[in-house]
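Chain IDs A, B, C and D follow the sequence of writing; residue 1 opens each chain.
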């Protein structure tokens, strides 16, 4: 768990010898969130990010784009220049620029402005700017830092502990949808929309996960019988990941009891932080 | 938990010096549910509320409205006048009218008749009268009061304890649907119904939550592959809120720790069967 | 829990003074499942029930009904006469016919043949014969009786223990769909299929439960935003009944430890059925 | 649980007297995964299996089949010959060929090449080759063998422990969909797509499992009311399998009991830290 904390909020690129005073100060503002300036920088950044994501989204709506296209385009370039400057400043004031550039946030920061420049070459690339929303993950740094990071770590820790079980589960799901998809392809055929095995597997996933678009549906009695089977299967095996994750969280919530026994009366099952026996009051922990 | 009990069934507006006898009696009937008159008032009120909600609903059905429109309109005005009078009586007999008016039920009580008057100015406003159904939450006050409130408190308490985890979860969901929605907008385009990023994000929510209307569905192989990914993701991460809530309820069901504090060092949170303080070894249980 | 066992497999109608020998014997065959004859009667009955349900189902398929209509009609009358005779025999050999006739299985047994006679008066009534499938619940009596009844009791016991929490949950769901349904009715209107409040409430239920037929879907941006809200709500609050039921089952699975402490060494936390202290071997239970 | 391990990774067909040296060596390569040659054989096999599954899938896409049909057909025959040879080699080098041929993997291995030969007689049979994907279950043997098998065993063990509860649950689901399907058939009739009871039962399954294709939807108010009932039922009773499985996993995660049996009275199932038998007080742990 502690491992994860380190990885998610990795500051390795900021460890090492001190920088020149102005770079040190800039570093505190941009990367830190303890000082007043750092906190304000973070809040401003998040607001700007959200505004820029909304601008990209609105620009994609035809009716809005027609009316306010020019202003949105200008805003977009403004945000992009801002993020470019910010990225360059981060590279300048960080201790190990190359490690930062390859870190999770380093890559996200780059992707948050690059697509607009790429849109000169590839039409539509500018819409990938919405990836900026991932930058807001930084929000957890300012909103009561410790608490939220702790909660995230419990959730991610339980996920990591059950990753092997989840892998086994996902593989089983893939095997089920492949076999059922192929069966339905054979039974239903072109007319009902099951025009190829990949498409039928897509249908099986849509059905097993209980999404059920209805764009492809079986029409033969046998096909409907198999579809009903996969539905009930999907309805029942949702219990598997839920059970795995619930059990893992229940376990991580439990405070284990100490296995130290009292030297005087032999009672065990004390709380982990107990210093004295709950039965006879004898001291049970070493004077460490 | 105790906190919540206070907040949901807040009677602060009714605390203070005694009122004149008739206002005191009216108060007991309208706000109380212990006396026979108070109980009958509550039951009558709930029946009238449910009838009025049904009347609003029926009035919205074109075929019924044509035939019984006049009678429904008259009924509606009758109910509204009744609730208006009731609201005024509540204001009169309560100890602190202003606190009541701003409390949860105070606002609901106001909204339960206001829309009909507003319907003179805004067409359709009268349909908001269905908000009256929220008034029936009061039902928990009469149906074996203590038990139901206790159950509600356990459920809400577990929700409140896991609110930070749920917030982290919801933010992740929003980030996923934004990124996937934008990807599908780029890949599928206008023809398949992905006409703008907000609409594509709407599609991503419909898919991730396994609702799956089928009004917008991907038609390209790559789009269907990404859709399958988001479906399996949605199918698997339903485990997260379920796991959080289950684990929280399991914890709240488990034998609590004793609330006896040590007289010597003040430590509390001892095991229920502890005889000696785990911090200082002082005896904590009476020689009973 | 024991209560439930009694209620589900209630044999009160069979308690009392002994009957004449032949009625006693018939009773053992029809109501009992311990004797060989009783077991064979039960198995035959279940097979006949399933066959008759299949016959009713096939008769409803137009193409099959055309070809095999006569034979299916004859079979149906055969099954119905059989069940009528069986019902009369049950009434004859039971100790308290009137109590049997009003019990759960007594009513189901009556409904399992009555509709065919009623079909003379009401067209279509014969299709209600599928209610016969409920008679197969008796299967639990023969399939390793005790084990299955035990499992059913654990499941039903946990449901009963959480019935108040589930009631609170269901009421909240109803309040949510009423309010959201009315809002969507106001926003979307006739064109999108939201033609009345009851229909809009129906749509809200389809959406909240993540069924998502797609026969009615919002088309305005505001409507889609509210729909997305109700979807995420539905996706998240599925955690509530699941959490309630999981926590209840986890509780019912746990074997509590004894609170007896050893008189010699003071160790507590023994297993409930322990006779000797696990720490020092001293006898801990009274010689009762 | 230990039982399951034996069954899933059954090597009974490989137990017995040693074989001639070259068969022994071949056996180690094909059935074993400890030696370098055995590991490489397994990895190559899995890659070939996945490639052949992809080839079958691509061949089913009309546009791809037209262009690359010949090459895919040749590849398919190559894979099939390869698997045929592999199957024969397995039969040759295994100790008890007949037991292998009837084991889970023996049957899967046969099905993985047979359909192509059968496609001479039955058109479309070659698509069943995707069943090959099940062969990849062998992957668990090489990917950190012990850990994954352990995880699978926990998941399957919990499923087996709850199989009776799940059976009771599935039967209830079938009873519900039969009764509701028949009701909707009576109420809605031909026009809305409810053309027969089996089709209406199919609709009820689609609705109860919250799949919701929308190909058949009720249109009468009463039908929609019943549909809403079955939706909320389906939404709520998903809690049952999830609760069962979660509770079972929570139990399997909890500290197990010791498997030491008392030498005096034979009682097992002592607590892990017990020093004396709970039945007769005899010391059960070695003086280590």
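One rule holds in what follows: contacts are C-beta pairs under 8 Å (C-beta built on N, C-alpha and C of every residue); 3 or more make two chains touch, one makes a residue touch a chain.
This is a predicted model, so every value here is computed, not measured.
Visitor: Measuring centre to centre with C-alpha atoms, which chain is farthest from subunit D?
Guide: Chain centre farthest from subunit D's centre: B.
Visitor: Distance-wise, how many Å sit between the C-alpha centres of subunit A and subunit D, to the nearest whole number?
Guide: 29
Visitor: What's the distance between the Cα centroids of subunit B and subunit D, rounded to whole Å?
Guide: 42
Visitor: Among all residues of subunit A, which ones touch two or more of the remaining chains?
Guide: If we look for residues of subunit A contacting two or more partner chains, we find 169, 198-199, 210-214, 234, 238, 242, 244, 246, 248, 250, 268, 279-280.
Visitor: What graph shape do the protein chains here make by touch: line, ring, star, complete or other?
Guide: complete
Visitor: Taking the touch rule as given, give the residues of subunit D at its contact with subunit B in the complex, in rising order.
Guide: 210-214, 242, 246, 250
Visitor: For subunit A, which residues count as touching subunit B in their complex?
Guide: Listed in rising order, the residues of subunit A that touch subunit B are 53, 56-58, 60-62, 124, 127-128, 130-131, 133-134, 136-137, 139-140, 147-148, 151-152, 154-155, 158, 166, 169-170, 173, 198-199, 202, 205-206, 208-215, 234, 238, 241-242, 244-246, 248-250, 252-253, 270-271, 273-283.
Visitor: Which residues of subunit B touch subunit A once you look at their complex with the stated criterion?
Guide: Going by the criterion above, the answer is residues 164-165, 167-169, 171, 174-175, 178-179, 181-182, 185-186, 195-199, 201, 207, 210-214, 217, 221, 224-225, 227-228, 231-232, 234-236, 238-240, 242-244, 246-248, 250-251, 270-271, 273-283.
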